Amino acid sequence: MATDYCSIPSTAHQDPELVSRKSKSENTIVSVNGIPIGGKEVIIMAGPCAVEKEEQLVQTARIVRAGGAAILRGGAYKPRTSPYSFQGLGLEGLQMLERAKKETGLSVVTEVMDTRQVEVVAKYADILQVGSRNMQNYPLLKEVGQYPKPILLKRGMMATIDEYLNAAEYVMAHGNPSVILCERGIRTFESSTRFTLDLNAIPLLKERTHLPVIVDPSHGTGIRTLVSPMARAAVAAGADGLLMEVHYRPEEALCDGSQSLYPDDFGLLVEDLRKVAEAIGRSIFKLKK
Amino acid sequence: MATDYCSIPSTAHQDPELVSRKSKSENTIVSVNGIPIGGKEVIIMAGPCAVEKEEQLVQTARIVRAGGAAILRGGAYKPRTSPYSFQGLGLEGLQMLERAKKETGLSVVTEVMDTRQVEVVAKYADILQVGSRNMQNYPLLKEVGQYPKPILLKRGMMATIDEYLNAAEYVMAHGNPSVILCERGIRTFESSTRFTLDLNAIPLLKERTHLPVIVDPSHGTGIRTLVSPMARAAVAAGADGLLMEVHYRPEEALCDGSQSLYPDDFGLLVEDLRKVAEAIGRSIFKLKK
Amino acid sequence: MATDYCSIPSTAHQDPELVSRKSKSENTIVSVNGIPIGGKEVIIMAGPCAVEKEEQLVQTARIVRAGGAAILRGGAYKPRTSPYSFQGLGLEGLQMLERAKKETGLSVVTEVMDTRQVEVVAKYADILQVGSRNMQNYPLLKEVGQYPKPILLKRGMMATIDEYLNAAEYVMAHGNPSVILCERGIRTFESSTRFTLDLNAIPLLKERTHLPVIVDPSHGTGIRTLVSPMARAAVAAGADGLLMEVHYRPEEALCDGSQSLYPDDFGLLVEDLRKVAEAIGRSIFKLKK
Amino acid sequence: MATDYCSIPSTAHQDPELVSRKSKSENTIVSVNGIPIGGKEVIIMAGPCAVEKEEQLVQTARIVRAGGAAILRGGAYKPRTSPYSFQGLGLEGLQMLERAKKETGLSVVTEVMDTRQVEVVAKYADILQVGSRNMQNYPLLKEVGQYPKPILLKRGMMATIDEYLNAAEYVMAHGNPSVILCERGIRTFESSTRFTLDLNAIPLLKERTHLPVIVDPSHGTGIRTLVSPMARAAVAAGADGLLMEVHYRPEEALCDGSQSLYPDDFGLLVEDLRKVAEAIGRSIFKLKK
């Protein structure tokens, strides 16, 4: 039986195919409840880092809906560096997301960390997020590749563009064509920011793949005052969407409060983004009432 | 219920405790079938990158046994950058490892990538390896933390020492005190080598934790000619063991052939390591017949 | 005499003062022949990487003048990785820059690499450039600090924001208040681009210093197709200017041809930049006839 | 005249020649007052980071002479991140080095930072050091290339092996064949150490060049307790020498005190290094009385 793969030389370079512009020249538009991700309109996704309690989630959801977001983000399962940090509310958090969705009409993106969680998360979420630390968790990529839900695949903090495209290829090769890429900061020597948000990835990815590319300036910088300028820059560089942390009371957040936008700042930022989008011939997507 | 964790401020720094030298000053010795990892003797673990077929595995196992290894490495489940690369033999590979173990008396270390695989891998392996790309796969860390098998936890290619110790803390906090740390190269700007093997991690980790620290110079450099000098250096810097790729026919290997040692070179290297170990008051562990 | 500095503990952290926003809250505007760098208007600096011959320089200068540039860039002394690469025309190159200036009315920025060259370069240039590889060449920083010419100080490819501000402090502490900062790409693990242009540096620097901040997307990416999107993004993020490579015939360039813009693309880019600048309440500076 | 270089295509890759093993297969031995650097014997260079005062220098020199060093290090011109930090004693420091040399018989290595300083430093020093921040200061490399003194060229903290060899080629191409390479730590994401000492550079450089390769574990780690294990590792990996900071009273040092070895530790370390060197068939060079 070894003969099957013995013919594959170990040095063979396997280029990603399904994700490549060479195999499909026009942009892929991932549709989420009628929201077209990857088209002419730029999509705003916003919400708290973690789902903490119903009041926090629903109030924040209303704020981001009013401010211009189309999709609500919020983690029910949280990857935390320390085992002693808040690990997320799990199923209870998913149910809160469902209620917030009903209240506001926003679609929901939330993270899945374990192959055994995919089924339950897929029941509640409109988009399944695979986080930076799991970008090369191949069993997870294969598993989400088999679900009929769009995947938001974050770039690993130490992943090259090549490795990133190969990770997306895993999802597509297992049957799921709806992959949204998301630059979220890479690790460099610079320590003034938590990560170095790499906007070069936007035009680079756009050249090589037909998949939508969005940017997370909140995790990508880790500093509240950098979120707005970097969000504007991401749109100017060609991003198809933004994923941002907004909290109704940042100073009370259980995680990442220092990078969450205040409600008012979020509204002002979306106004700015509208102007930048228009300057390059695009617009910000708006949910109908 | 939110009150439970609302008391945890989001900026609280959670220091790892169980892994810390402060909580246990003497070195932890992880015993694997009587092989003491973390003691005065340096342990040699060697074998092919991937289990490819029975002949390859058993012949390589005999070679490394004769050359001085106590533990056989070999992957049945392989994390590969491309979905089109050889992904490992799975269960069949585990069964081949079992036969190689019976033939040679070597203990076996092999990788587990998915929470759903832990049970079956634990049935065949003496040590469960969690790979670099899964160092922050928290569900996997929690799962292996509940099995009564030693864990070889590789450092993430992008992980700081702090993050690495926190990952080990996940395993210990879930009940498993037998964690072996393994430096395997970090990602830097240097492109002459595949990764930059970071030997500084040896004394740094030894200061902060009581856990054993081994080094993988094969993946850490990706270049065959660098394996021997870096293996000698690792022992001189205080490593408790080495994990190295040896293949009975490197040019036929299905993966990582260019960094696998030839059988003869492996034997000569272990002789050199013996001298370096003695120079610093240690020795190389030898399996009894 | 040792007592003078023995009182300075070796761990004393010396924060930069003169460059700091704390010491001067309003933006510094560096005036170059009436061109206000650091004000509301965004300044375009463009030209070839190296001065190669008079025809190339003058023709390129006319092209960038027509396209919207106010300042001509071009190296007479070139820092090259190999001693066998073209090292620049030296004095002859400076004289060509002078003629191009007379022909077009553009001001001139050119690099100085050696303390012994400062005097002659200062005779011909309107702005003295200190390159990335010399950002911590302290004798050179001290020397240019004593000349009455604005300094364009490029960020070292491996310099933190703190180190960068300290380098600018060297120039100011030696008497020269006219320092222009320039992000030009940092070195990271990513190999798809020559460097990783770090736009996060713009808002970060703007928070900490009153000095103007410009961006070089040509060296910062090393890829022609990335120059335009990253230039737009730089303006959206708040850059006070752009330094770009344009060559009248990129395929004939003696260095860095693959990242030089074609004349037509440059004109179109400046039109785009005008719209992005307006979207954020700024404009592109235009030289009077 | 432009025709001269127009024939050189801008993409031409200029490989270093003079430094290459291909052009000279046997090891270059740089002889400094009879001390053979690059031969079978490993050379110890030690002393304070900066020359502070005569007592400090001469006492430290005696200590390192007694402990096994053959060459005294000590900076008279210091590259410091902040303009307000101690910048070195200059000429006075060079004269103190001369007196320490007479007192102890040690040869002297000291840094030169400016093309205008080369003449005076060459009058006092046996080896001219070009520091990490000046590795690509090409005018300085050309200048020291014209002096009949060995050059200790430190690797830039951001330099690839290719760039490093090209920097050495600059010195050789300008007439000076006596170049000693020195790995001193590269910049990575890891923040537990000041730099990441890259021992992989030793075997990599040894494959590609005939020049001697030494290691500076003091600057390379920035942590006193790491100096000894990394020095042992460097010798085991094949280094031809070590450059280490020793201070007669580290807690009083004007710079880098926290990484300077105590006198007693230095003596014990050299004893250890002797054993490691013997384990790999080498020895530590000893000055005759």
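So that you can tell them apart, the chains are marked A, B, C and D in the order they are listed, and the count of residues begins at 1 in each.
By our rule, contacts are C-beta pairs under 8 Å (C-beta built on N, C-alpha and C of every residue); 3 or more make two chains touch, one makes a residue touch a chain.
Given the structure is predicted, the values throughout are model-derived calculations rather than measurements.
S.K.: What are the chains that chain C and chain D both touch?
M.R.: A, B
S.K.: Compute the centre of every chain as the mean of its C-alpha atoms, then state which one is farthest from the centre of chain D.
M.R.: Relative to chain D, the chain with the farthest C-alpha centre is A.
S.K.: List the centre-to-centre spacing of chain A and chain C in whole Å, with centres computed as mean CA coordinates.
M.R.: The computed centroid separation for chain A versus chain C comes out at 35 Å.
S.K.: Which whole number of Å gives the spacing of the CA centres of chain A and chain B?
M.R.: One centre to the other, that is 32 Å.
S.K.: Could you state the distance in Å from the CA-based centre of chain B to that of chain C?
M.R.: So the centre of chain B lies 47 Å away from the centre of chain C.
S.K.: What parts of chain D, by residue number, touch at least two of the other chains?
M.R.: Residues 158, 162, 187-189, 191 of chain D each touch two or more of the other chains.
S.K.: Quick check: in the complex, which residue numbers of chain C touch chain B?
M.R.: 158, 187-189, 191
S.K.: Name, in rising order, each residue of chain A that touches chain B in their complex.
M.R.: Those in contact with chain B are residues 1-2, 5-6, 8, 10-12, 14-16, 52-53, 56, 79-87, 113-117, 133-134, 136-140, 142, 156-158, 162-163, 166, 169-170, 173-174, 187, 252-258.
S.K.: Which part of chain D faces chain B closely enough to touch in the complex?
M.R.: 158, 160-162, 186-193, 196-200, 202-204, 207, 221, 225-226, 229-230, 232-238, 272, 275-276, 278-280
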